[in-house]
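Following this line, the structures themselves.
Heads up, the next two complexes both have subunit A, just with different partners, subunit B and then subunit C.
== the complex of A and B ==
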């Protein structure tokens, strides 16, 4: 197997072991997809569906509830992990994460604005179901722009500094969400709690399909910058001397992060720590170069989120845990461990 | 062909860092920039390499204004080794060296990638370190890895006669005597192969022995520029460094204690 890979590995900046890991992660992704589709409070056999041996009800649950939900979890996990990996590279900071630095909060604030105020300002027939994702993207982009200003163009100003800015931005966004919660009606409030805890319960094809259409090109767009992110690790002046247009690279990473996190948050609420934890696990397994890190994070993030969603559905059947609670419960201790590790070096 | 700096001055907030410097670096030539701390050596190197723009004056690469050359094209013409920043993630030594490989977009180069990396690692005595983590290396070892990266950036086929220039900011800092000499000899070798090399160095004897020309800076002004024997005189050095310097007439060795 290994020899076969080394024979076909013509890629320069990814080694045979890393290629093997990516292949294994793809297999893991398919297994989690299968588990995510089959298990739940309503058992569905994927193979029964495939061969038409299931009932009408099973078919409807499968096509309209289970499948879009699993696919949404997959793309959201991939988006958060990709955003974490590329932001960590851009900031040259292992603690960067769309949640910690406030990007997710910005997206949630954007979405909240639309939920509470939107209906009176923008007639829903203009953007229809897309006004929410668009507003979330704008919120995410705004926060990243603020960070850009505060860190003087993402110059390296130390880990603590950026985290402090993130805390402040998070606090400001919570104030905004708090005010909006206060003035919201009961039905709006139900929608709001959904944002703060995160859930894939609202998945439907009308929203999941456009998400794929926007997010996948963003992935591809960023993938070809992987090597530039490696060169950036030498420091900005060095990267420029090696021919990297650092300004356009920053722009690219920020815009992609805003798009994928904005869309993800708008569809599933705030799901913490996936963007932080997944790239670190991927680095621990196979190495730090971005040509490996970025695709591996996308694939692994996707499987982890599908499994997390599965757990949130089956742990306390027939009720459902908000998936954001679950990821934070696992991710927060990991974050503490990471801080201790970074402090040591 | 050459790199030329014409009347270049550089100011930060009205404070003059460099004033009216003329500089010329030809192929096959090693030019050393020397001077006390704060003389503007690194700033001059940054201006010549294109990191910063001069407040007045111009830098020309092969007769073209540096500003008009895209940063991608510059990467093929010159490489720079400077005092580097800390690298956060755990890259291997091999990966750091490979960062010097700039994509040439031509298939005939890509086949030689691993060959080029292996040869250069060999040349720089880094073969045993290739799979170690860069961050656990000593300061001197890290410098050698960066030097290897700087060479890889300008790698060409042996039959190529492309013009290439290297700027090195204190390349021998932290190196032990063995590797200091090895690196200086490697630089000399590169100059013979056709590279033009601009060098900042603190050791005046190294500058005297290895350079073709020396530029002596003090407080942003060029005190003297020319052959080592013209610039490195006891009188000029004593004046610039503020300590009594002696130059042995026969061996040209400079002593100051």
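== the complex of A and C ==
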């Protein structure tokens, strides 16, 4: 770890203040983790658990319900923030977010298919409870394939073209969701509505562990492109002249975004604004270089989502406030304030 | 403006007064609402049915009738094109604009009252029979087929009330926290019919509730719609793979999957379903 830090320092891609901010964010993450796992409608103290002072039931609720849920919230927050940060870098557009390239919508379409049509068309002994996330991932993968096809391997005609393709893909997926909504029954409609507002309620280790296994390598893969994203800010031709393989960079950023967002959406539904707002916040406090921005976004996105989920669990007990409502309700006004502030200065 | 208010008031009063008087011409009937279709079949009057909505899926032969779409999203033209002489709807029939448009054409449209109680099932059956002009036959069929069930259920319900058990009804849990019935729902009425109490207190309508809160409520019986467990091989797998196993219901094997309409439709099948469950809750 220290070697890594000094390496970063030598290369001057990240400064000491930024390192300090990242350290503080790590502390914040641990505090949110602690709060997330110790608070909830079921009375469980983390220390009681640690020292084995709790009842059998408390122990199992802690291990099988609360822990996976907090960990899922953490990884989803990290994924959305990372994807927002890297897409904003890639498109050189501060408004880019995971929804933009249509991947979230693709995942949502896949999930909607299962909620409305059920899973009678696949043998349940193969997939069982995995069918909804798998179908969502298939939806996300299909969108990625479409993007890939239309942009000739992400290398074609620049960024605007890709944004337009993303918009069209989004519209297509919305039509699919619309049709499914139209043919759904009362009870499916309710499930659908709540799913689109986001929830970590379906978390269990069987779903959360595979998510970590796929998402963490994607994080690492993207982290070492941070410097290239910096260079890309000079413009595509300049980046190419400076030796950046822009085509492969695009490929890398889009594929990783698609994977992490696809998995996140599939496990938690639609959660807005985290991908957009967190990178902006992180830039505001520490700077714009991606060697700082990407890890800081991951850590901060993670803590924000854990806290948002905690609030969603406890605010209106015993009912649960959909977490996507919370993030958007807090994120949108904050974003407006941010815009106002930037305009003034 | 004043005139508009008057018209609105008139419509409002007309709606309240939508009573059970015999219809002038109950020969081409369109039904919007699954429980009413069930009642017409129950009364043996299915020959008058011209079309039904898509919530009318029982008995099976109802689904072969022309469909007018979803009960809350009806279309004026679609319904009028079937040339009905009488339209019967549940309270959630809509949208209101369509209902008003149909009424303004002078077609006899009745909204049958519902308060999710055992009484309202009986009232609905008698009311539909009256409207169809077969009050006597309806009364007879009711006493033959349903009265004893209702009397048994009432007795059992009184007995169960001495030892109130908590029941939780789940709509589904596809990718979210379980969506459960709070107060002021059909499910709440169904639970009261059994002589039990809703495990959920504190909110109205159907809302998602976290797994931890459900364990805290610790229901003695959990009922989920069959749709809600369709992604699982069996009810046992469902109990094993969800956190419901931690509740009293899970430990005592009192988790059941039932057809939604059979339970929450408040048609002629609901008392039977409630009776079966009321027998085993204690």
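In this section, the second predicted complex is superposed on the first by the 253 of 345 C-alpha atoms of A that agree within 3 Å, B and C clash if a C-alpha of one lies under 4 Å from a C-alpha of the other, contacts with A are read in each partner's own complex, and residues count from 1 in each chain.
Assume a contact is a pair of C-beta atoms (placed from the backbone, for glycine too) under 8 Å apart; a residue touches a chain by one contact, two chains touch by 3 or more.
The model shown is predicted, which means the values in this text are computed figures rather than measured ones.
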item	value
Which superposed partner A:240 touches (first subunit B, second subunit C, both, neither)	first
Subunit B versus subunit C as contact partner of A:42, first or second or both or neither	second
When both partners are placed on the shared chain, which of subunit B and subunit C touches more of subunit A	C
Touched partner set for A:199, first subunit B, second subunit C, both or neither	second
Contacts of A:187 with subunit B and subunit C, given as first, second, both or neither	second
First (subunit B), second (subunit C), both or neither touched by A:63	neither
Contacts of A:111 with subunit B and subunit C, given as first, second, both or neither	second
List of subunit B residues in touch with subunit A within their complex	49-51, 71-76, 79-80, 82, 84-85, 87-92, 95-96, 98-103, 110, 113, 135, 153
Residue ranges of subunit C in contact with subunit A within the complex	54-55, 70, 72, 171-179, 182, 200-203, 206-213, 215-217, 225, 227-228, 230-233, 237, 241, 243, 246, 260
Subunit C-facing residues of subunit A, complex	40-42, 57, 60-61, 64-66, 111, 114-115, 118-120, 124-125, 128-129, 131-133, 185-188, 190-191, 194-195, 199, 201-202, 204, 267, 269, 313, 316-320, 322
Subunit B-touching residues of subunit A, taken from the complex the two chains share	12-13, 92-94, 156, 227, 230-231, 233-235, 237-238, 240-245, 283, 287-289, 345
